[in-house]
Structures are given as C-alpha cells and as structure tokens.
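Letters A, B, C, D, E, F, G and H mark the chains as written, and numbering starts fresh at 1 in each.
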C-alpha cells in the first residue's frame, strides 16, 4: 500500500531525497517517488497535489532548493500533511533561501519543515504521522528509536 | 477525545501558542495545554513526553523561544510526531535562534517545524496529521481550505 | 489601455503595493490591481497568470511577504516579465524570507526582483520595460529621471 | 539587430555572464558584450549607459560582485531597464554583498535583480522584456517554457 | 581652510551625518557639507569627486544607506581618501545592505568604512588623517582621547 | 583525580572535542570523556548530568552540532558549570545553528559558550574555572599564558 | 568577601549588567562593580585585569556592546575565568557584532560567553564557577534550580 | 622613511597581509611589518601603539581574524589613523566575526575598515592618507588609478 508520495523539483535533488525513500523502506512504509517541478511543470504539480488524497496517499514529502516553492504550493492544494525538505542545491545561498521559502508559510497553509538536506528525517516524520493512527507503525517507531539508542551506547563503549 | 497536546516552556509563550488551541477549537479537535520547561522542569518534560502516546495523544505541539530545546527533546522521547513552533520571545535574536534550534535536528529525531510564531499553522498541521487517517477530519480540512479561498475572493472583490 | 497587472497575496499588502499604482499613475501607464493568493487561491493565480498576455498585459507586478511564492509561480505561468516585490509583512523575518523566496528562482524562470517594500521602483521598472519598445514612454522616463535630479539639486541648494 | 547590452566589471565575471549571452543566442536575440567597470572606468560606464538607448539597445544586463555598483549606477544613467546579476566573485562574502548592493536600490532607480550567479535568467528576462512588445519573441518565450516542461517530464519518466 | 568634504545622498541622511560636522567643529577642522546623490545626480557626483583635491580638500566623508554607492563611486573618482558611513536609512535591511555595499570594495578602490551610523567616528577619522601630517592636529587628537578617558573615569567614580 | 567531564553527542564530534582533552592533559587536569546524546540517549544524559557533581566532577564540557541541545540540557540538570562547544558538524548551517542553540539559553540556566569548534579553549576555560579556587592551577594558567606570549614573540622575531 | 568583579565599558550598559549584580546578591556572592572601557581607558583595563586575581577575585564578568573588546582583552590579561555578556547597545547591529566579537576568541584565550543581554545568567554562571570548589555555594545552586522548577510548576498549575 | 606600520596577530595572517606590503612597495611608501597579538602579547601591543607616532609612523595597518581586537585596541592607543583588515582566518565564521569586531567600534575610536581580506586596499588607503598632505604621493595615486583604468580597457578590447 502506497501511503507516502515523495516529490522533488529536479533529478538533481534525488541524491538528497533518496534518503527519505531509504528510511521508508527500512520502516516498511509504502511510497512512490516522482519529479514534479513547481516552476517548470505547474500543471502537473496541480494534478499531483489535488489528487493525492484520492489516490490513498496519507503524507507528501516535497524537496526543493533555492526559491523552493514546491512544498508550499503542494500544501496549498491538498488537505494532506506536507513535509518540506530544504535542499542545499547548487543554486542555493548556503541553504538559507531553501529553508526560508519552505518554512515561512503564511497562516492557513502549514508545511512541516525539516532540517536542511534532512530527507532522512522527512521519512521518519512521515512514518510518525502514519503511526499516530496506526499502532503497528507506532510500535515500529519505538523500536527504531530504541535502536538509535543502542547504536550510541555501542559507540560510547567503543570509545572507552 | 484529547488527541493533541500543546506544551510551551513558559506562560510568556501563551499569547503566541493560544492560536494553536484556537485553531484546534475551530477544527473540532480535542486538545490539552500545559507548561513544560525543558530547562527548568526536565523531569516533567520526560514524564510528559514518554507517556503521551499511552494517554491517547496523537500529536504534540511544542513552542519555545531562544535556545529552544523543548520541541527537539520531546521528539527524542516519544514515537509521536512533534510539531515545533519557534517563538520570537524577548530573549530571542530576531527569532533566528528559535528557528535554528528547532529546525536543525540531527538524523533520527525529526521535528515538524512551522514558521516563526506560526502556532496557528501548528494547529492546522496537527489537524492535517489526524486527518491523514480520519476521513471526517480530512473533509473538514478541505472545507477549511475552501473557506480560506472564499475569504480571499471576497477581499479581492471588495478591492474592486 | 491596461498594460500592467498588479497583484498581491493579501489586502494587507495594499499599503506597500499602492506605491506601484501611484507611480504608474504618475507615469501615465494603465494598470489593473487585484488580490490573488498563491496559497489560498491557487486556481485563480493559474487563470490570472495564464491569461495575462492574452488580455493585453505587458508586465505583471507581484508583491508578497514571508514564503513569497506569488511572483515566482506567476512567472512560471506566463511568457511576460514578472516584477517581484518582497513585502516586509508582519509574518516576515526582517524581510529576508520574502527577498530570498522571490529572488532565488531556478534557471529558466526569472523574476525581476526589486528592493524590500520597493513597490515604487516596481512601478518605475514596469514603465522602463514598456518604454524599451515605446519611444514616448522612454522619453517620459528620461523626464522623470531629470525631475529626480532637480529635486536633489533643490534640496542641496536649500542645505546651503 | 543588437537589442541587449551585456556588461560586467571584470573579465573574471565572464564565466558567469557568458550564460546570459548563450541564452540570448538560443532565443535569437541580438546582443553585444563588454567589460565596463564602475570603479576603474567610471567615465566609460557613463558614456556606455548614457548612449545605450540612442544606439538602439532595449535592455542592459549588468553583472558584478562584492560591492557591486555597476548595475545600479548604470540604471541611474539610462531610461532603459537594467537587469542586475549578483556575481559570487572571489572577493564576495557568500554573495550577500553582491545581492544587497544590487537589489536594495533607492526609490526612483530600480534594478531588476535576478538570483546569485543567475546570468541565464538575466538572458531570459531580457527576452521576456523584449517579448512584452514583440509577439514573435513572446511566442518564442512560450515555446521555451514548453520545452522546459518537456525536459522535466522526460526526466520524470526516466526516474520511473 | 576647508579640508574635509562631507557629502550624503539625501537630506534624510542629515541627522546622522551632522555628527561628523559637529565632531570636526569640535576638533577645529574646516569642512563643507553637500547633498550629492550617486543615483539621482551622477554628473554632480562626478564633478564633485573629480575636483575635490584640486579645491584643496584632503578627505571626503560620504554617507549613504541601502545600496549605498556614493562612497565607493566617489573613491573611484578621486585620489583622496574617502571615508564611508553606512546609514541605517528607512529603506535599509537592518543596515546590512549599507555596510556591505560600502565595505566590500574591489581591489584598487578602497573606502575607509566606519560603523553603521558612525558619522561621529568619520569626523574623528578625518581629523586623524589630517593629523598624520599635521603635528598640531595630531596633538589635538591626543587631547581628545585624553578627554574621552577622563569622561569614563568620571562616570566610573560616580558609579561608586 | 577526574575533575572535568567531556561529553559529546556523537563519535563524529571526537576530532573536534579531542582538543579539549589534549589541553587538559597539557594543563595536568584529570578528565573523563564520553559519548552522551541528548536526542538518542536522553536517559543516559539525565543520569550523567544529575550524578556528575556527586562523582567529584567540577566542570562539564559538552560539544554538539546542529540543533545542539546537549550543553543546555546538561546545564539544566547539574549545579556544575557547563562549557558548551558549538561543533560545525556536517549537518550544521555554517555553524550558526550550533552557536545559537548553545549560546541563547534562557534566564536561569547558563552555558559558558566558546567559539565555533573551540574545544581547545573549552579545555583552557575548564582549567581557569578550577584554578579560580586552586592556586596551583591558577599559577599553571599564568605560565601557560606566558608561554603563549613567548611563542608570538619568537614568531615575530623570525619574521624579521 | 568580594569574589566576582563586574565590569562594563559604559554607564549605558548598567541597566543590563545590573541583573548580574542582582543575581549575585540573591545567591549571596560578594562582588564589586566598575566601569572600565577597553577603548577609552585601556590602561585602567590593564591594571584592573592584571591585578584581579591578586586582589582575591575568582571570576570576572565583563559586558560590552558593538565591537565588544572588553571581555576578550580582559581574558588575555588574567588567569581567572572571564564571563562575557554581549550587550545589545544602541550602536549594535541586532547584537550580532557584540556576540561575535566576544564569542569568537582565538585559541588560548577563552571567554565564557552567555546569551545576548544575558547578565542574569552571567551572575549564575559566576556562582556555579565558585560552587565548583565550594560545597556550600554548590548546594545553593541546587536550591536555586529547584526554585526555578517550583515556579514553572506553579505557573503550570495556574494555567489549569 | 618608514611611514606605515603593518601589524597582524599571527604569522598565519601573513599571506593575506603581505598584499598591503606589496602595494606599498609598488607605491614607494616605506613601511615596517610586525607580529603583534592583542590577546597573546597585550603589553607589546600597548608599547607598539603608544610609541608609533613618536617613531614617525603616519598610519597603522592592522589585520586580524575571528574576534579581531587588534585594530580597535591599537586605535584606542594612538592618535594616528588605523586601517583594519578583517582576515578570513580558519577560526572565522565566513569572516562575519572579523568584519563586525573591527568595523563596529564605539563613538570616539574609529577604525578605517576595508573589505574582508582587503589588505591590498589597506595599502592603497594608507598611500591615499599620506597623499592627502603630500602632493607627490597624491600624484602617484592619480597615476595608479589611471593604470587601473588602462588595464580594464585593455582587457575590454581583448574581449572583443
């Protein structure tokens, strides 16, 4: 079952956005991945965003760099929660443009923004959102967080 | 049914954070509201965050200013999605400190960050998260977005 | 003849954007003024932008604050030049968000960005664009610049 | 017919500014390209800018880095629209100096600023300005935007 | 004897720039004060800057806000040292634009930049420059610095 | 005798934080070094910080990058002075996030923040804190500062 | 017994710096307070800093705004720990200048920097430093932190 | 005759500061070059700055990075004009710390700040300061500026 839609403005964002897909694989959440550009394929973005919830998606993850309009525009076209990933692309000013044009959405149209290049966290956040109403996924999240802890403890004991 | 927990570090954050509560009222989502300080009541924060999902909460909204650790620390202690609201408090440097210490979480522990002082959007995002698995709330979101549009169109026609 | 379309996301942007209209009045360029929100009325924005050149417009001036997507999205939907005015709205971080989300457009979709709250200059730039192919307007621009000089010289002589 | 003048402060800006020329070639707009330094050849800049419209130019594209005065000074000396390209030169602080000294022009003297190193977009914007009064160029712009869309759709289908 | 020329782009800069004049009065250095706009009276700026050293001036103090080109352009037209005062004018972004467009001059054309709104220090710096070759003024500077010390010591003893 | 506890959120911070340990070695102050993550091992952080003063530690040095919560959270759990080292980790935005989320602590819970990647200075500051009540360590500090001077003087004489 | 020296560059810093004194009063730590300017009374600063440890001081708190050199210069002249308070004075650019010129000290000369205008935290940090070697003060710190917690809990229960 | 003193805090600043010396060589101005650290050799800095004008120096050029106190402290100790060069050293945050801690001097103590790493311009500015009272050096400055122009014109003609 595909519950998460991952979109990005350009194939050049794929190396960053792939981490979201990898995380969803690890957490056993079904997803689809597409290139949808707010500025070059605005009609496609409209269609994609407007139909997302009718196709069974529960969360959309949108990554973009520079003047990053894809996450916010998608959020304005769907009742689903949209997670925005600011991408530090080659045309970005140290990422500040990507962050601010995703984060600073006006009242009424939120985007759940994660850290710069934080696609991995976008995948985890999508799983947490699904887990909010799905005890099995919720339990998987608890397990994942337990594993994070174990890794740190192992690394700590190796230090000694 | 209480599905959203709103927490903030200090009563001085209430004027900003109240907008999240108001939005949830408007969208008919049950919530609770508490003062929990990461730095002054760390044990309370631990208890609150660790028990949240066992008490039936589905989403936590956490607001804080300056070196804002409450959203991220809460996210590290719960499998639930945590929405972070950077508050432009009196001890903040134009809000940059609040934004960066909420947004830039490390891999593994996402916080769904909204705009500076964006508590209203945090309320909407919480509803969107619940609506992802609740068709009734999803429909309410669509209606809400339709109303936003009507207000703009009315304002536009008044301009003419 | 209406040659310039002025649009803005919200009536709250009107005090800033009115200066563009005033300037066009002074320079005797016909214009229309509308409220069109990228996030709250995306369909209206599509219609407006896609039809603009068919309705005889030659330039679009778009003002917006915060995560300001209206200028860039409009530019992606029209072959006309779009002038973007970053507005320092109440939800803006000192204007940086407005500036960066208008200025930093990706390759292929330019927005002619002016200074923060620079709606007056947007009006002048629209006239300069029309004047590029209209000798009468071009001459009016030269006159306008001459008048600017006179005002400074007058102010300079008053100082003495 | 030469309709666009491309100027830059130093030969070291050429690798960035060449993209404007390439774009104009692609869009079949005639142009000339010169080195004119605001700070080292101020008299030449005066002559160039003052005579530009008398020589038939319709748009000037000016690129500069650091304390970038060439675009604004040129705009103060011509009734033509001036497009400013902030260049991230070696003496620039991450491009912020270039951007702000081009963008933040005072009332009366606009510069149409594009993204950092956005010379390609400067070329497109020049074409859009010419197209505003030239149906053939306008049609070429529509075609160009259609081609952008096709490239994204092709890239999207390759992803699948 | 007039040794210092104070110029500014607009009468609105006078409240800030007056402090330079006051300081020169206090230090008994002759000066003239003029409004010269880089963008609105570029020819006047040329004349002023090119003739300054022939008229006996030894230092020029130039203040400007926003995209502040007056100090740098003046420096490109005179062999005299130019002191730049970034003015936090109403069209400035917290002063960053003024500072960077004055400070970040390219190799070959220095501007001696002082603090934001630091016109008082510009006056002192002009006196120090004159004092470098004038023992009487140099001695006056030493006295001035001694007086600064006395004021602090007096303020310190009052605290106790 | 172990008087200083060095902690960091991840083994990837070790290359930076090692300089604190090296400095303490040089100044003959006993220390321990551990990996303790605020976000992945919050319980361990609680235990570590709450017990630190009972185990004889006098100062804690905590290093972290990005949304760096370890120094501030540790400071909220111990009566001991905590020195925070902002680490410019790979997930940091030029270090600004690390700096602001360590420095801008709310009233009541100070963190003694040092420069970005300033672990060496954190080690020296820890020694200065211990030296405040330990004449022998204080004397060692004076000697260390004397040696710094000698190195500069040697380097200066080599220049000549 | 006077254990803490509070210094500041100007009487205008007193409203901010008084909070350090108030905090030390509350925590029963003896202190002295003086005006010492790095730039206007450099000799006094030398004397003050060089003699501080010989007069029994254990910690120095130094506050300054703008290009804030007092904390760093004091730290270079004493083996004692120096706490730096960046003051958002009228000549400061939103406090960034004060913060960076105190925080970013070179290797060898640390300053324990607290938040912008964080004089209250400077007082607490001074007490924590003294408490590191003084069990009675350490216990007082634990009590103080307990009281902070009580205040938050009281405020939280009032909210309900 | 040695008229300019070049100082820097560390031998690591030499590659940047050498450009000032080279420029003075080219302009035939005598200079001396020394390492003087504000933080590691404060007494040496005192001696150097206090005696500079008695030894015949007319201008001091001081370069430093990070929390750069050398230019400002030197300026507080001499009646001579001090030129500050912000150095983008390895411990600097993109140069912002160096710039702000040199530029933002308080009223009474100016530093003539040049661009980041702008040591070449510091050399030219020193010559302009000397030339203000020395017709021969003034003429050399005019020649130098003429040569700059020739180089640009040559580069421009090569482009064609």
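Before moving on, here are some points about what is shown:
Methods note: contacts are C-beta pairs under 8 Å (C-beta built on N, C-alpha and C of every residue); 3 or more make two chains touch, one makes a residue touch a chain.
For clarity, every value in this text was computed on a predicted model and none was experimentally measured.
On superposing C-alpha atoms, the copy subunit B sits rotated by 90° relative to subunit G, to the nearest 5. Interface matching across B-G, F-G or D-E places the copy of A-C, with more than half of contact pairs shared by residue number, at D-E.
Our note on geometry: subunit G versus subunit H, Cα centroid distance of 33 Å, whole angstroms. Averaged C-alpha coordinates give centres for subunit E and subunit G that are 35 Å from one another. Work out the mean CA point of subunit C and of subunit H, and you get 43 Å between them.
Shown for subunit C are the residues that touch two or more other chains, namely 10, 40, 66-67, 76, 91, 93-94, 96, 99, 103-109, 115-116, 118, 145, 148. Contact annotation for chain pairs lists A-B, A-C, A-D, A-F, B-C, B-F, B-G, C-D, C-E, D-E, D-H, E-G, E-H, F-G, F-H, G-H, with touch applied as defined.
Those residues of subunit A whose C-beta lies close enough to touch subunit D in the complex are 10-11, 14, 33-37, 40-41, 44, 66-67, 91, 93-94.
Those residues of subunit B lying in contact with subunit A across their complex are 53, 58-59, 76, 79-81, 83, 99, 103-116, 118, 120-122, 124-125, 128-134, 138-139, 141-142, 145, 148. Those residues of subunit C that touch subunit E in the complex are listed here as 94-96, 99, 115-118, 145, 148-149, 151-153, 155-156, 158-160.
Considering their complex, residues 9-10, 38-40, 42, 46, 65-69, 72-73, 75-77, 91-93, 96-97, 100-109 of subunit G touch subunit H.
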